[in-house]
Structures are given as C-alpha cells and as structure tokens.
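Please go over the structures that come below.
Shared chain: chain A. Partners: chain B in the first complex, chain C in the second.
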Partner chain A sequence: MHHHFIDRYAREDSVIHRLDARTKLLTAIVFSAYVVSIPRYEIAPLVPLVIIPFTWITLGKIPWPFVGKHILICSPFILTLAVFNPLFDHSLQHIVLFGSRYTVPGGFLIAINLLVKYLLGITCLIALSSTTRFDHLLLAMKKFRVPRILILQMYFLYRYLFELIEQGHEILRARQARDVGHLTVARRIRSSSGMVGVLFIRSYESALKVFQAMEARLYDGHLRTVEQLQFTRPDLIAFIFTAGFLFFCYLSNT
Partner chain B sequence: MHMANELLSPTVAFGCGIIAVGGISFAAGRIRDMADSHLIPLMGVLGAFVFAAQMVNFSLPAIAGTSDHLIGAILLAVLLGPHAALITMTGILVVQCLVFQDGGLLALGANIINMGLLPAYIGYGLWRLMIGQGPLTRGKLLPAAWTAAFIGVCLGSAAVCVEVGLSGRLAIPLAKFSAAMIGIHLVSGAIEGGITCAILIFLYKLYPHLAGTSVNWQEKKMNPRSLVVMICVLAVVTAGSFSWFASPYADGLERVVSAPSTLKPKTELAGKIDTFQNKFTPLPDYNKRDEPSQKRWPNVNFWTSFSGLLGIGLTMFVIRLGAGFITCRQKVKSG
Partner chain C sequence: MNQSAIIAQNVSFAYTDGTAALNGVDFTIHAGEKIALVGPNGAGKSTLLLALSGFVDFKGQIEIAGLQLNRANIKRIRRQMGIVFQNPDHQLFMPTVEEDVAFGPMNMGLSADEITFTVAATLEQTGTSQLAHKSAHHLSFGEKRRVAIATVLSMQPQILIMDEPSSNLDPRARRNLINLLKSMPQTLLIAGHDMEMLLEICPSTFLIDSGKIVAQGPTEKLFSDKAMMESHGLEVPGILKSRSLTVASL
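And then the complex of A and B:
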C-alpha cells in the first residue's frame, strides 16, 4: 500500500533510506529522550541538537517545504499551550546572550523551550517516517520483540486505512451531489450517523473478503517478508555518530 | 488528546511507558488464542475506521475556538472486547505517532494509558455493568454506551492532567489546566457518547449478525473477577490521584459545623474522645501527622495518595472480615 502524501518519500533511495530501520527507530527514541530531559528554562542546550534532524533530512533528500507543511499541520495544540505560559509565569530568569546578561520573564523561556523541543521532536519523526517504509518499521518492531498480534494489527490497519479514507470521500461526494448545499444542519447530522455506519459496514465486508482471500492463499497468522533487515557498517557509524554527539552535548552542559 | 513529548518529564514518560507495556503484554497474552481467527481483520478494519474518525476534528459547541476528535476506545471495546480494543488503540496510536507525527514518541506510553487502557477497561466494565445480563435491548444499549464513552473520555482527560502535573513542564497552574482540559472533555465526552450510540444503534438495527462473529453481546457474561479488578483500578486511580484535586476547603457539613454557635458546647465525654482520636489518628485529615494541611489546589502530595490507598485497603479488609463473619454465622445457623 502506498500513499502519495504520507509515505511519499519513504521509497526513495539515499544513504539514510538504506540504513536499517532498527537503527533509525532507536536513534529517534534516544534523541527524543535526550530532548525531553532538558530542563524547562534552558534553551541553549537545545540549539546544537538541531544538527541531528537537519543532517537526517538533508541526507535523506526530503524537501523542506514538505517538512514545513507537516510541522504546521501538527502544531495548533502545542502553539496554544506555549502561548499561555508567559501569562502565568512572571518569575525573572537570567540568561546570557552573546556575552551580555539579560533578565527575562520565565514564561517566555518556557514557551520558547516548548516550541524548540516540539520542532526537534517532530522533525525527527518526519525524518523517520519519510526515510523508512512502514513495513520496515514493523519488521524492526518485530525484532524488538513487540507482540505479534500488535504488529499484525498495525499491518492490517495500514493496509485498510487509505482504502477507508477513499471510501469516506466517495460517500461525502455522493451526499454533496444530492444536497447541493441545501441540507439543514439537523438533517446533515442525522445523515452523517448513517454515513458513518455505511462506511463501517462497507469496510468490514471488504476486510472479511480480503481475509478470506488471504486464508485461501494459506495465510497462517504470521507476517513473512522477502526482505530482511541487516545491521551493516553504515548503521554502526550512524549510531555511534548520534550517540557520541548526544554524549558530547550532555558533557558540555554539565 | 494526543500528548506531545514536551509536556512530560522523562521519569513520567518512562513510568507511563512501563505501565503501557505491562497492559499491552497482558492484553496480548489474553487474546493470543484468537490471533489466527477472524478477529485480526476486524481489529485491522476497526482500527482503520477509528483512525479515520480521529482525523475528523469537530468544533465544540458552547466553547468557541476549540475542537476535539473522537477517541473510539469504547466503540472498539464494545465490538471487540477490552483486550483486543487495547491492542487496536495501541496500533492506532503507534501509526499516528510514527507516520502522522500526532503525539510524541516518548509520550506514546502516556497516550496509550489515556486513550486506550483507561477507556477500554474501565469504560467496558461500566458498559457490562449497565447492560447487565439477558438480551440486549435498545433501551439498555443507549444509556450504557453513552455513559461508558463519556466516563472513558473524562477519565482519559483527567489522566492527562495528572501526568502533566507530575511532570511540571508547564507554567500554567495545574488547577487552571485541569479545569480547561476536563471542562472541554466533558463536552467532547458527551459528543463521543452520542457518536458511539449512533454507530452501535445502526449496527444493532442493520447488522445484528456482527454480534455473532467475534462479540456475542447477548450471551457474554461479566466475569466477577474482572469486575472486582476493574472496581479496584477505579478506586486506586481515584484515591491515588484524583484526591489531589479535592477542594482544600471544608465540605458542606464541615463548614456548617465549624461555624460559631451552630452546635451546643461538647460534653466532657465527647471532648475526651476527640482528644483521644486526635492523639492516635495516624494520618489526620488524609495527611502526615504534624504536617499542616495545605490550602493550595491541587494538593499534589504523597501522603494524600498514600492515605487514600491505605483507606481503600483497610475498608476492603474490614468489609471482607465482616462478610466472612456473616457467612460463617449463616453457615452455623443453617448447618
């Protein structure tokens, strides 16, 4: 299954794309953990960390407008939370900027800290999802001993997801064609519940058909792929580089 | 309700992760026998369905400028059972995090607890309690599904507040954050209840044999042991964390009693009993001895949680002893 917007760049070829999915998943987890551990009034320790997602995205040849669009789509909740912080925290904090000492309200520092952490976290996730195919991620999870049933569930979810969205669009388009924008809100709500039900039954029936077809082809509940993950020398180099860089950042902060 | 990494401290994130992993392993163990059956495609398609439904944000009536989305855990729990529902919700949250960047990688554990573990198990328990035994009727289905979905969403939002409060990453006072968060989710829970009811009624009317595939609504009985576990979890969560949000001020009765000239002066015996009680109570006013009771809210305090948990344990022990004593007497009488 392939979708033109979601995993548009996951099937390209680059140094990062060729890395083992386990390396990328582990790097994303370690990186997120380090970013989250930075205290809430600190901003300087976050700045050098930009290098990791920047390198990942640049080497992975992911276009920056695509990254920017994704960041904007996911940002409303965190933006709202960040904006309210300066209103509540009026404690004064001292910061050193280009050698001069300034006193700024703590709320501003927290807001900037939240936003920078958000940017780092999300660019790392975008880099991960745009350079790794979803089935490779599932294989990596299998190697990390994630329960088989959970992996199968995610596999089926991903398999049906886009089909379901397309069916939903079809049903919506059909309603628009019939009401021509003249339906009252009450009738629209009433018809929506029916539409959701129809969508569910359609997808359930198609899921059963797919499953019967799979059973006819001797499916036995195990996920088997021709491709296998391989931890090679570039993986080792990438992991050592990231871990070393984070350790260096940690030492320079303490 | 998807939380981002930035809202959690590493300790809280890892703690939640461990609880979530425990829950998932338990659920995976319980449905292992069904793994090769028709439950898997149903889990997949329902997962995709809830996933798509979560992408549709509805704006909340009466609260301008806010929107929320369906969570769907109760719908899954009713159709698949709580264990498969937890696995399905986990799948949805992992895909949302890894593919759509909705919710942080480290906050995954917390998100699984808030949107999977709590609504699936506690909401499902409520649903089973409310539909009772016997054939499922429309009159039973509607209130049971609505209440379960409403309580499930509210519990999840309260858990978000507890996690954010424990992490201490925001400058916004926890009381204000909780009021906004829970307030919004009261409305959103009501809407979620409505949507869940609409879908279930639709299936009940048009597709009743769905009930015969993996879920047997009519014949399934609530396991008494799981009911006990569910009530224990609800009690522990309430005592351990919600007690922080209890108002520090006197309740109605206390306020009336403490007003001057409401009561006659105490008799000598009552005075002596009070002094004795004050002297030997181990955790007076749910707090450590000699520690002044604080008027701040929420009162995040280990001793408040500890008192609540100890209280539950002792109450259950006393009830068990009492029940044992009564049954023993009945046996003696009848024997």
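And then the complex of A and C:
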C-alpha cells in the first residue's frame, strides 16, 4: 500500500523545493513567531502576512485544493475554540473599517484573530511540509541542534506511522468481517479496547525488531546520514526577502 | 577443507517462561556453503538465527568467522555477518533507501567516497538503483525485500543469515530473489518453508525440530525422504514428487 498523507508533494521540483531545508524551517519559525506575536484584538496587521504562505505555495506549485482540504481537516478544533470566545469576552473594542469607526465585542475580534492566525499558521505548515522532504527537515533540525532524541523519535514516527495506520485498518477490517449486525455498542467499545491493546503489543514487538536490525548494523546511538544540506544564494535571497517583509510589517504596525 | 564460517556447539536457549527453544544445537558451516534451515513452526529456526546474531543469551559455544560469539566480539562479528529479518519493514527504518543502505557502512566508519561507491554497487547488485531516493513505505513488498538484503550486503559481510526471505513474495519477485541469492558468493544460512526455493539455492540442509538439529545432509536427498519429512511436519516438495514419479514411470 502506498501512502501520501504528509509528503505528497515534497519530492516535486520547484524553486521552493530546491531551497535548503534550513531556510524553509527558519522562515516558518520566524513567520509563525511573528504571527503569534500580533495582539489578540488586532486583525489588520495579519492581512498582509498572507503574502508569504501564498507566495510559498504558488511558487512551490502546491495545488490549492490540496491545501484547502488539509486546512479543513485541522479546522474543527480551532473553530470550536474560536466560537466560544464571544461568550467569554464581553469587553467592547473600537475598530476602524474603511474610514468609519465601529464598536464591536472583544470576543468577536479574538475569534477572528484566532481564525486568521490559524489559517496563516496551517498554510505555512502545509507549505513547509509539501515543499520539503521530511528527512531534509529532520536534517535541518539536527543542524539547528534540536535534541537528538527528539529527532530520532520523529524519524521513527514518520517511518512507522504508516505501518501503524495500516495495522490499525487491518484489525478494524478483521472485526468488520466478523460483524454480522449483532455487535452492540458495549461490545464494540470492549473490542475496541482489545484492538488498541493488540496494536500496542504489535508496535512494541516491532520496535524491538527494528532495534535488533539497527544493532545488527552496528548502531551505536548516533544516527548518521548521507544527505547534506547546501545553503546557496537563492536561500539567502529567500530569507532576506521574508525577514525584510516581516520587518517592514512590524515597522508599519508600530 | 574450507575454513569454518559458523560453528555451534551444544547451543541451548529457553524463554523466561521455561519453554526450551534450542536444545543442544550442534553444527558446522564452512565458508562459502549455502545451507537451508528447515523445520516445522516453533522448531527453533528463528531463535537459532537470533542466537547466531547475538540477540539472545544462549548457553553453549558459537564461533563465527573464527571469533567466539560474546559481548567483547559482537561488534567485530556483526561486521562479518549480516542478518536479514523476516519482515523487511523491521529492517528498513531510514527515510530513504539510499540512507538505509548507507546506514551500516556509515557505522563501520567508511569514508564518504567509500560509502558512495559501496551504496551504488550494492543497489546495482540487488537491482534497486532506481529506488535509491524512495521511502520504504513507497515500495512494494518485493522491493522492500531486495532493499533489506541490500542494507546488509552493503556491509560486505562474509556470512549472511536470512529468516524466510521468500515469504509473501509474488512469483516474479521470488524468482528475482532466488537469482540474487544464487549469485551471491557469501556463506548463506537460510531458514524457511519455501522448499523449492531452498532446493534451488542450498546444496545442504539442516532439519531442526524441538530445538535440535535432527538431520543434516544434501538438500535433495533429505527433502526426498518422505518419512523423515512427514515425521517433522514437513512435506516432500512438489518438484521432487514429480521427479520420482517420472523415474518410476520410466
């Protein structure tokens, strides 16, 4: 079975794909930090920031329906958070829209602020993961001195997540194949807990086998990689452009 | 006589619940030999392979490539002997095929140029060069199997042990695997139930049951012994049955 959940477009070729993973990772971090730093009642400063993920996705040739689908997948959680804000924050805030001054509830502004921040953040994340191979991303994290154990965990999560999902599907299918319509909710819940247990045991056994395979090939606790990253002139240009744009946005808001 | 590749003397192992998996295993494999290890389920085949790789604390003596198998020698032995596990997904843990094949050589401390050369040569040998930049989860089962072998071959071991290498392979992938294994100069110990494949690759066979080597000898002779095979939960391979029928009709 072939899986393309996370990295479907990461191996394509474009000007963005060719950038060093460190440039993209650093850009995403700086961009996200800037987005998060915008005060909660402010919306206007967030609008021009759309340019960065929009440029990234357009130049990276990532289809917009793919981006939209992934935004929707993650949105229920954030929508729930946003919807409750007007109920808790009853303060009144003044905003200026098209030259006119309005008074609106603070909770409403926070909800919109949250949604826009979410859209910017998730779009940036989709752009990053769709234009950067996961192994290059981890290599970039290694260069940024992210703790080794965290990188190792992410390596294995990426590698075995698909196997785990597949095993989960198999177990679920095995139950469905024997479900002739008499499975009550209580028995369904009970069998689900058994399924989770089986999945856990299989994962544990697989982890032991993987470790044996690593030891058999002289693993000593250091994960060595062949691929090296290269920081070139386009990386410098991309980073200066992004940093310059964000700095310009910051100056405009102060 | 050839130099001994593997010598096992009175090797025993019991699981923590007391179940004896190996019960005084004795054998010698000479360098360059290709040996099949057959036996019913639960006979101890996989446990024996794990013992030979130093993954279980056995009793007895094992000597590999002239080195006693113990903690002090284990790293040196693993440079000489590779193990291919039954499930290739356990063997392929790096983000790309190339990284996986390079994993062993990098841990051996080879230089960058040597690694590049070795990886390219191994991928070529196993017919997987076109997969170099793919992730393991994008490969078919047959491709995974060949890459799993490549990950071990890249360490240039003298000895290779394999656990059911042909399981779950379609006929074409199985044929490719047989051709690959036949072409390899290494000492091979292959555990499995694919009798016809083993007959084709391995001139000699060890039959293991209840944790003991109960018979050993030329593969064709041993596999033709219907009484022996059936008494240990095995069957005479179809190809040998048809051969004996042809001889009888002549």
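Heads up, the rule we're going with is that the second predicted complex is superposed on the first by the 245 of 254 C-alpha atoms of A that agree within 3 Å, B and C clash if a C-alpha of one lies under 4 Å from a C-alpha of the other, contacts with A are read in each partner's own complex, and residues count from 1 in each chain.
Operating definition for what follows: a residue touches a chain if its C-beta (ideal position, glycine included) is under 8 Å from a C-beta of that chain, and two chains touch if they have at least 3 such contacts.
None of the values given here were measured: they were computed from a predicted structure.
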One more residue to check, A:A216. First (chain B), second (chain C), both or neither?
second
When the two structures are laid over each other on chain A, which of chain B and chain C touches more residues of chain A?
B
Given the touch rule stated above, what does A:R224 touch, chain B (first), chain C (second), both, or neither?
second
Using the touch definition from the top, say if A:L114 reaches chain B (first), chain C (second), both or neither.
first
Pick one for A:R159: touches chain B only (first), chain C only (second), both, or neither.
both
Looking at A:S32 after the superposition, I want to know if it touches chain B, chain C, both of them or none. Which is it: first, second, both, neither?
first
By the touch definition at the top of the document, which applies to A:L19: first (chain B), second (chain C), both, or neither?
neither
One more residue to check, A:R133. First (chain B), second (chain C), both or neither?
second
After superposition on the shared chain, which partner residues are touched by A:I57: those of chain B (first), chain C (second), both, or neither?
neither
Common interface residues of chain A - those touching chain B in one complex and chain C in the other
7, 134, 155-156, 158-160, 163, 206, 210, 220
Can you check the complex and tell me which residues of chain B touch chain A?
2, 4-10, 13, 24-25, 28, 31-32, 35-36, 38, 40-49, 51-53, 55, 87-88, 90-92, 94-95, 97-102, 104-106, 168-173, 176, 195, 198-199, 202-203, 206-207, 210
Applying the document's contact rule, which stretches of chain C touch chain A when the two form their complex?
50, 53, 55, 75, 78-79, 82-83, 85, 87, 89-96, 98-99, 102-104, 106-108, 115-116, 119, 133, 135-138, 151-152, 155
Quick check: in the complex, which residue numbers of chain A touch chain B?
6-7, 28-29, 32-33, 35-37, 40, 70, 74, 77-78, 81, 84-89, 106-107, 110, 113-114, 117-118, 121-122, 124-126, 128-129, 134, 137, 147-150, 152-161, 163-165, 168, 193-194, 196-197, 199-201, 203-204, 206-208, 210-211, 220-221
Chain C-facing residues of chain A, complex:
2-3, 7, 11, 133-135, 138, 155-156, 158-160, 162-163, 206, 209-210, 212-220, 224-227
